[in-house]
Each structure stands twice: as structure tokens, then as C-alpha cells.
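Each of the next two complexes has subunit A plus one more chain, namely subunit B in the first and subunit C in the second.
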Partner chain A sequence: MSKIRLQDHILVPKHELLSEEEAKKILETLRLNKEQLPKIKVDDPIAKEIGAKVGDIVRVERESPTSGKSIVYRLVV
Partner chain B sequence: MIPKRIDSIRFEVLSPQEIRRMSVSKIITPETYDDDGFPIEAGLMDPKLGVIDPGLRCKTCGGKAGECPGHFGHIELAAPVIHVGYAKLIAKLLSSTCRECGRVLLRDSKKEEFISEIERRKQLGQEYENVVKEVFRITKPIKKCPHCGADQFDIKFEKPTFIYEADHRLTPKDVRERLERIPTDDLLVFGLDPKAVRPEWMVLTVLPVPPVTVRPSIILETGQRSEDDLTHKLVDIIRINQRFIENKEAGAPQLILEDLWELLQYHVTTYLDNEVSGIPPARHRSGRPLKTIAQRLKGKEGRFRGSLSGKRVNFSARTVISPDPNLSIMEVGVPLAIAKELTVPIYVTPNNIEEAREYILRTEHPRANYVIRNDGRRIRVLDLNAEEIAEKLEPGWIVERQLKDGDIVLFNRQPSLHRMSIMAHYVKVLPYKTFRLNPAVCPPYNADFDGDEMNLHVPQSLEAQAEAKILMAIQEHILSPRFGGPIIGGIHDHISGLYLLTRGEKKFTKEEVIYLTRRLDIDEIPEPKYDGLWTGKQIFSMILPEISLEYKAEICQGCEECKKENCEHDAYVIIKKGELLKGTIDEKSVGAFKGIIIDEIMRKFGPEETRKFIDNMTQLSIRAIMNAGFSFGISDEEIPDEAIQQIREVLDEAERKVDELIEQYREENLEPMPGRSIEETLEMKIMQVLGRARDRAGNIASRYLGMDNSAVIMAVSGARGSMLNLTQMAACIGQQSVRGERIKRGYTYTNRTLSHFKPGELGSRARGFIRSSYKEGLNPIEFFFHSIGGREGLVDTAVRTSQSGYLQRRLINALQDLKVDYDGTVREQTSNMVIQFKYGEDGVDPMKSFRGKAVDVRRIMREVLGEEFEEELEVKE
Partner chain C sequence: MKYKDILDKYPFPQSVKEEINAELEKFNVKKTQARKIVERCFQAYLQNLIEPGEPAGIVAAQSIGEPGTQMTMRTFHYAGVAEIDVTLGLPRLIEIMDVRKNPSTPMMTIRLTEEYAKDREKAREVANRIEATYILDIAEVLTDIRNMQIIVRLDANAMERKQLSFEEVKKKIEKGLKLPVEGNEEEMELVIQIKEPSYKTLMTTYEKLRKMVLTGIKEIRRVIIRKEEDEYVLYTEGSNLKKVMKIKGVDFSRTITNNIYEIYEVLGIEGARSAIIREAKSTLEEQGLEVDDRHIMLVADAMTSAGELRQIGRHGVAGEKQSILARAAFEMTVNNLLDAAIRGDIDKLTGITENIIVGQPIRLGTGDVELVSRIGVKK
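Then we have the complex of A and B:
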């Protein structure tokens, strides 16, 4: 059985891993500590798929009924 | 006093040593008072535990009643007993540890793994309960200790405090011994803090006795003492405890001792929690269950929800509400009797000392009730001492003067579901005994006048008064943050009144115009449209600020092609520069929840102007409706004989069709609909036929009722009721249903709803179709079916309110610590964790939005470009 890519599913929003510089920049602009971000588990299927490690920051881009597109950041734990 | 901040709270389990250390007296006798009425030493009312009787002094701290906070005592239990609150945890601990060496049934490496995972989660501030659960889960079935190799047996827990090991009952003593063997290092794996708890402390050997101040006895009128429930329970515990000691010393047989032990366990259990399942609650002599420790804390009236989260307050009043259309929406009518009781403090300064003195010397309504001196003493102002107090009055004193016109107060109706449930009003002191409010502010409070009561609070500090005036005033709450539209607006008669006034080209004489506009805040009357006669639309325009609008009114019939300004129903509203040119004013224009005009004024001119408009609108509308005359009676439901004849024909035909369908079904000629059985198909078709018949009957009736019928006016303008209500009164009530189906429950054996029908009858009458109208009256069978359907409605509302109430409570508890930060993010108050990166993902305040959208581009375009834009739009459309 071939494995399907979760992100291809219409109900799964786009997840992408941030590089260290990007992560630093984002935290600076948001004026946040890492710990203040919402969390995502390392063993979350989508986190596994994009190869996230504990301490990484993931950017989630999803459709929103109120604003069209919304961007959310999550800390991998 | 220096305010102190609590940094953190740690909960621990009291150890026996701790209990003894904080105890001031060992309690050994169950007696409370001697024959002279003095507390007995070493008894439950030991004077060392504090005092409640005035005059006596505490033997520990020397304080009088009221000064001494009370001190704990203790009871040495003759045999250990299990604490109910920890019973379940004890059972889990026993099944997860070795019965011989007491260590966790895990290899050391595995144990360390779990401990570090718990530590990690603690550091991240996350829950670690699931890890502990996992430990219990995997250690439970282990049959051999990995450390000492001892065989393990199944531990079973039975509510409330019984623990069995392979069918053998463990005594609390055995349990305690085993818990003692659990090494301190192993506690971490169960999520227990070794500094806070040793597991054997969960089995009680010493019982703390709360101070008498916690369980005061009350003296009845007869002079008898009545002890607190907790004292009663403690008496029971001491009695059994003493009996146990005596029997043990006398060398009584094991069986008797075990019985007493169990009894002791029962009493300690019910002392802690009298509502545990599995054992009968301890009762008072009268049969009332005792209120013990858990009951004091738990639930709505418990210490947390009843005494700490919410308390009773001073400077408040509650009474029945009634309407007063002559009040402004920002006012509240306060009965004189209440105004005389409630007070507002005046902080006396050299500048207002004369004013304060006047209040003290007054003998009538706005006078001073109390003065508070510099030393904090509160003196009642009476006619006797008024002059003396006025003389002595000096800056720094506080004079509590009675509530008077113009004071700001908070007005509230429960359930306080949203912020509009508590708003600030200005006081208007009135005679009689009810709070009075303008009916236009009923919607935000969800109030009516069928006996509703409301609360009133008087803000005491100047800060509170200012806050109330600025943030909580009525006009600040005209727009609801729920949907960004007005929640305060015309209701019932306001809508009917304006409808009658503005419909068509009604003409009014000068006298009438003066009468209608008497209470309005206007200075001049425009030029009459006709020779000496004004139109209703002109009169309404007098209260309109300069706004321009165009929309379809509530009465719009939804024609296929809208003729706009040439609408024959006068349902297309055109307002230009504050002039109502075309259309009728109805619910959609000025109603609460809809009110397009109110919305527009709010956006263009702000709260104050809107408030004025609503005030004017309510005043004008009630005069308009009184001028026109408006009433409703049974005769308004009358329809001509020919209409009745037509309705009868429609219903007859429907019944015939139903019979035909049943016939088809009996002959098995009925074609089932996709995905339905034949029975379901039949039911659906019958419902369809009868539903259509009811609608047709209704249409016939409404055709004959005509637009000048007052019920029709109310229904179409949106003031009250619907066309459906009307047709049910005049034409036909229709099908009664339970759970969306025709009524079919009844005699099961013969399969019929009532014995008046043939067994298995499926016809319309036999299943709850009501041919009659409310005006005609129902026959007994119809009446019966109607009450079945009506009951379902009642049950539904009762269930819904309780369910939604609890849902609301849970939501509020979950969301109360969230706030929108200045940077637009939603965060948790204490940890500053981000919940949403932008409030609602678009950062829009729904109250300031236009029907949920951030900006109303159309409105701004029109505002800026004026008429040009309208024309351009028309071209494009």
C-alpha cells in the first residue's frame, strides 16, 4: 500500500517548517517567546510528514471564513 | 495595609504529626456543654478551640468572640480509617506497587523514563495526568514484582472505601502498612510530590477537629441549643471511637471489633462527604441528610460558587418591573421607598460641606441616612440628632445621602448572559412599588412585564460612577457585539404606531401634528405638504437626523420584479437627507435586532444622537398609535361565510386525498419514495397534503382579513405575531406533532390513539389533524391532540434552557481568562500564551463591524460620492 500525502487532502491545511532564521524573525516580529506559541505534537501525523523536530516552529496556512487566509505558528513539542 | 500578591499555592496532605502539631486540644468526650451551659474541657466545644458565646474568652489566644479565629483540635482514632476522598487513589497505588517490598511494579529504567516525562511536562506547564494514568494501566496486570519477585494479586476497589485483594478484604490497617512501604523515590512516578504527601497519610489515624467558629451552635427561641451538623457528626465519631477503645481493652471478640471499626469508617466517611454513593447518607433526627464538609464546599450554594465567586451585596435593590413609555431609555423609575433606603456617599470637603449639611438637615426625600465620622463610626441621621450632626460636620466625613433623580445606577436582569444584561441608567424617583423602564430597552435584558423582577445597584465610588456613565450607559449598548446591529429599538406598539403613521399618504391637521409631536425634542414644524395638512411621512421625518437610505421594508411582499420607488405596497423605503420620501416604517426600519435607520444613525452620528432618536421615536409612535386607535378582539378573527365555505372545501378535499392515499397503501399500490419504506412514504405524503391544506386555508383567510385588520397590521409590520398565528386563529390550526411526526402513540394493542377510532385507523382526524380554528373552538378529540403537541413544546423549552445554561457556564469558565491584547492577539491572561494570532483571524470587533464585515464599502462610497455613486450603481445594475 502506497502512503498518501496528508497535505494533499483538502481538509488538511498547508504546514511548513520554518528555518532557524525565519523562526527567529517571526518570534521577533510577534514579540513572543517560543513557549507562548500554540503547540503541535512531534508525533502528530502532519508533523511527522514534514519532518519536524521538538523545538521547531511550524507555519500553518489555512482558509478562514472571516479573513480568507490565516497564518498560525506552532511550536513542536 | 500593604497589598500582598499570592505567588503560588501548593496543596499538601496533612500528616498525623502535622495534625497533632496544630492541635490545641485532644478531644476525648462527645459532650459539648455542661448543665450550667458552659463548654466542657476536652469536649467538642472545648474553650481552647475558640469561642462563639459573647462574654467568654478563648483559652488559647485570649480573644473574645469575633476576635479569636478559632483553633484546631484533634481526635486520636483508635483504629486507622480510609479517607473517602483518597480511596480510589489508594486502590490504584496498591495495585501498582508490590505487596511485599512496596516498590512500583516497573523496572528502574522504565520508571526513570516515566519520571523524566512527567518532569518534562511539568516544566512545559502541561498536564501530566495521562502519563500517570499510563503507569497505573501498565502496572495493574503485572503478576510478579520485578524487584523482589513476590507474587501479586488483583486489587479490587469497591465504593466507597472497601479494598479487596483477591476476594480478601483488606483492613485500613493492612492498607496503611502497605502504603508505608512505598519508597519515597517511587512517588514521583505516580505524579505525587514527596514533599507534599506520604501515601500512608491518606489513611487517617488522627482526625483534625475544626474550630467551633466553623461549626457554631445556635440557640433557638426556646433557649435550647442546636448544634451544627458537623458537631453532630463529630459526636458520632467520638462515641464510636470510645466504644472501640473500651471494647478493645475489655478484650472483646474480633467480630465485634470489626463491626465497630466499620461503623467508625462509616462515620468518618460521612463526616467528610455525606453524598458518596454506596452507603446511605447520615441523617438528622428529623430525617434530613446532614450537611458535612464536602456539602459545604460543593455546588451552587457551596463555599466556592456561593460564598467566594458570588456574594450578597449592599446598596442593591430588587423588585418587579413594569413599563413606562414616558421615561427615556436611559432612565429607570425607582420607587420612592427604595430611593429612601439606598444611599450615595458624599465625601465632605470644604467645597461641598454646605451641600452636605443641607442633606443632613432635610426632613424629606433626598436627605441623609447616615454620616460616617473621621474615626469610621457610622451614625444614623434622625430628626433628633440632625442639627447636632450638621453642627459637628467637617471635611473628611462621609454623608450618605438618599438616591435622587439623576444618580447613576446599574440595572440588571438575570440570567446575565451578555454584557447588555447589566447597563447603567439614570434614576427617576417615582411613586408606587415597581421599577419602571422604557419598553424599548426590554430586548437587551430579555425582559417582559409578566412578573419579571430586576436588580439595581448603586455605584459608590466616583470612579465606579464615572465608569458606569462612560462604559455602561444605555446608548453605548445600542449596537450589540453579537451581530453588529442594534439590539435596542422599537417593539410592539412602537412598530405598529409608526406603521400606522407613515403608511401611504395619511394627512394630519395642525392640531393632530401638535399632539403627535408634543413630547418630541424638536423646535419647528416643516411646511405642510398639502394645504394646511401634513403627511405622516413628514411627521416621522421631523425626528430623523440627516441620513440617506434606500431599502426594502419588512412588509415587502417579494414581488418578482421590484418596482422600487413605485412600489404599490409602499414597501420601498427612500430616505434622502433626513426626509422620508417613500415607503412605510416598520420593524426593519426601527425594530430591535433589525432597525436599519437606528444602525445608520449610530454609524453616522454616534450613540448620543441615536439615543435621542430612539427616545423621540418611542414617544412619537405611542402617540401615533393612540391617535389612530388600535385594538384587537375576537371579532377581528371573523371571516365571511364564503371564506369559511372555501376553507371547508379545501379541508374536505385534503381529507379525501388522505383517505385515497390510505386506500392506495392498503391495496399496496403506493409507490415508495427513494430510501423510504412504504409506511414512511405514506406518512410523508399525508403530512404534505395536510400541510398544504392548512396553508391554503390560511391563504383564503388572510385574503379576507385585509390589510386594515389590526392583527394583520401587527403581523406584516413585524410588531407582534405572524401570519401563521393569525391563520391558526381564523382558519385552521393544522397538524399536531410529536417529534416531527403525526401523533401515533396511544393504545398499543389496538394500535389507535383513542378509543373513538377504529383499530389501526390512519386518517387525518385519528392522528391529530385539527380542522377547527381557535376562533371556532376545538372538539374534545382535537383538544386532546392539541394538548399533546403543546406539552412537547413546553418540555422542549424546559430542557433547552437548562442545557444551554450549563453550556454557557462551561464556555464562560473556559474563556474567562482570555483577552485581546493591544497587538490584536488573543492571549491567556497569566501565561501570555497566544490563542489566536489575530482576534477572530481578521481582527474585527463585531460591534463596530457592519453586519459581520469589517467595512461597509457601499456606505462609505455613497457617503463620499453622494448621488453620483447611486446613479453609477444603477447604471451598472
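Then we have the complex of A and C:
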């Protein structure tokens, strides 16, 4: 049986790990500190799946009923 | 999108961009005109944004709370979806906000892979793999005190329905009880001999046999097959997402449960967020109440922003406020004040609640704005 990819589930939006430069750029445009972002745990099933480490930033692309597509960032803790 | 290059200069949400683009395309506007129109749209968009200093949380609380007063207080079960009882109305909404680990009526909607979804027999096969089957479902169990035996009389019809063979049942019982089982396939009878001549051992073995799950998943007490459009869907009483998603024939990506905590454990925090929105929305809609999505989304965001599920209440969002006075104003006033006094805590009066308590202007709306005028500076 092929391995299940949790990200394929209809309830789970697309998660993406940001590179360091990308993360820096995002924080600058948002004028935020890392700590002000919402969090995601390292042992979160999806964080594990994309191989996130503590301190990384994850980009979440949600399907939103009000704005079509919304992008959120989460700090891995 | 034809006007993508113009629209991408503005921070519109995706759906607004698409809408403007569709309108512009309809009238086939020239680029220079389009630029002006989009600029005007952007002005309108800015005017419709929530204003800085607006208490979004309080607006959300009131917008959910007010229609909530009209919800049924009674734990109301309905038999709409295939005769399965589901908690609805206010009790269900409270359950969602409280992040109960064991909701009163867990339920799953299981969709099947293409191969299994079209055929009722195939769907039945998957259902059998999921539904917990006990010995009493397929047999009659007798205890013989004189010979210290447990006699299992299997029902051939029930076994056929559950797609179990005589040998399978025998092996399952042997493994579960760690006792040798003698079988007579012709008479469909299994005999378990107890060696110790003790009535108690006989009874405990009997109890163990009765509670043993032969096939399926323990938590799932009942499975109902229903045809929806052109595919068969399984509805279950009881829920165990982790086990169900590994069952052959289950389309994992479209299988959901109403137990939000389980979704959090299996699918992570973002999955839990979607589930909260989905469940809260369907609970409100079922009662005929219309609440704007944004209010529910705000609640879901507050519950999931810490990376783990927090309930709305003193063990979660409200209990983690840094201000002592704000916590005391919410619940357990005396305990909060006493604990703070013992620890010698300091309240810096930065929030809203504590400033209302001490009678200061709050930092919300116009209270959040400071006016600075430079006197004597000429332009």
C-alpha cells in the first residue's frame, strides 16, 4: 500500500517550508518578529511530514470562503 | 486573468481580484481605463476593511452569542443522517468551543476508493472491516458449570453477513483468550475448556470472551451504508480516524470525523482549524442561524494560534491572559486574586478588561489613537 500523504486530506491546506531568505523577506514585509507569528509544533503531523525544524517558518495556503485564497505563516516551535 | 498585471499591484484578496477581472473582461476595458477603475476599486476596498482599533473579538463574540441564545438548549438528537444520533444545537456548539476530547456523539463520514464506492457488496466488505464485531453478534454463548466449559454456538447466517469463517473465529478466540479452543465445524460449535475448577475463572473468561472484538475497530459501534449520488458512503457511530484511514478501501483524503481533537492529533493544527470552522458552521446552519464566516474563523484562529488546540474558557484562551484582573473578571474570581496575591503578581494594566475595572480609558477604537500636534511648525 502506498504511504498516506496527510497533506492530501481535504481538511488540510497546503503547507510549505520557507527558505531562510524567503523567511527574512516575509518578516520584513509584514514588519513582524518571528515570535509574533502564529505557531505550529515541531511534532505536528504535517510539520513532521514536510520536515520542519524549530525556528523555521511554514507558509500555509488556505482555501478561504471569504477571500478565495489566503496565506498564513506559522513559526515552528 | 487578462488584467493580472494591473491587479497584482494591489493587495486584494484572490476572490476580489477574480471578480474585478471578470467584470473588466465583460466590458473589455482598455488598459488605461482599467488602471483607473482598479484604483477606484482599491479605494472602495480600503473603506470596507475593518478599521484599526475595532474590537473584532468582541464583535465576533456578540455575533455568535446573540443567535446562540435562540438555539435549542435541550440535547437534541436527530435521525437525519441514516438513523445516527448526533448532538446538535447549543450543547454541540459548547462541545466544539470546549475542545472536548470525547464528544458525546462521535461520528465519522467515510468515503471509499473508486473500486469500492460503486458496489454495495464491496462497500459492505469495507464496513465489515470497520465495524466492531463481538462474539454475541454472531453466536450464542453458554456456560456449562458442571463440565467447566464455555460453549459457543455460532450462527451461520450472521457469520455470512459479517464475512467471517469458522476457522477465523476459532483462531481469534484462541489468540484473544490464550486458551485452546476445540471446534466442531459441522455443528458450528466451539468449546472452551477451563482447567481450573473455579467458578470465578469460568466467569472472568466468559466476560473476556464477551468483550472481545473479533474484527473491526473497537471504537466503532455501528456502520451504516448509504448511497449518496452515485457512490456509497459509510456513516459510523463512534470514531477512530487513525485506524480507519489505514483500512483497505477507505479513501483517506475524504474521510472525516466530528471529533476535532482527533483531527488535531492525526492531521495537525491546520486540519483542526478547518474542522472547527466546518463543525461550528454546520451546527449554526442546522439551527437556521446565519453567522458570518469571518466571526467563526476568528474564533478558530484564536483557538489554534498557539500551535495546539486551546479551548475558549479558563483552561485555554481566557485562562492564559496575562492580566490578573482580566482572569479574575472571567471566572473563579477569588481563586485568581488569591493566587496572584500569594505570588505577588503585578498587573500592568495593558489590556481592556483591567482598564475598565480600574476606570481608565481603554485602548480600543478612538481610545487607541493619540493626537500629536506640533505647535509653531510652519509648512
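In this text, the second predicted complex is superposed on the first by the 75 of 77 C-alpha atoms of A that agree within 3 Å, B and C clash if a C-alpha of one lies under 4 Å from a C-alpha of the other, contacts with A are read in each partner's own complex, and residues count from 1 in each chain.
Operating definition for what follows: contacts are C-beta pairs under 8 Å (C-beta built on N, C-alpha and C of every residue); 3 or more make two chains touch, one makes a residue touch a chain.
Computed from a predicted model, the values in this text were never measured in an experiment.
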Comparing the two partners subunit B and subunit C, which touches a greater set of residues in subunit A | C
Between subunit B (first) and subunit C (second), which does A:Lys53 come into contact with in this model arrangement: first, second, both, or neither?
-> neither
Is A:Tyr73 touching the first partner subunit B, the second partner subunit C, both, or neither of them?
-> first
Given the touch rule stated above, what does A:Val12 touch, subunit B (first), subunit C (second), both, or neither?
-> second
Check the residue A:Leu32 against both partner chains and state whether it touches subunit B (first), subunit C (second), both, or neither.
-> first
State which residues of subunit A lie in both footprints, the one left by subunit B and the one left by subunit C.
-> 38, 64, 66-67, 70, 77
Across the complex, what residues on subunit A touch subunit B?
-> 30-32, 35-38, 64, 66-67, 70-73, 77
In their shared complex, at which residues does subunit B touch subunit A?
-> 124-126, 823, 825, 827, 831-835, 837-838, 840-844
Subunit C residues touching subunit A in their complex are 13-18, 245-246, 248, 252-254, 256, 263, 265-271, 274-275, 278, 293-294, 297, 301, 304-308
Which part of subunit A faces subunit C closely enough to touch in the complex?
-> 1, 4, 6, 8-13, 15, 38-41, 44-47, 60, 62, 64-70, 74, 77
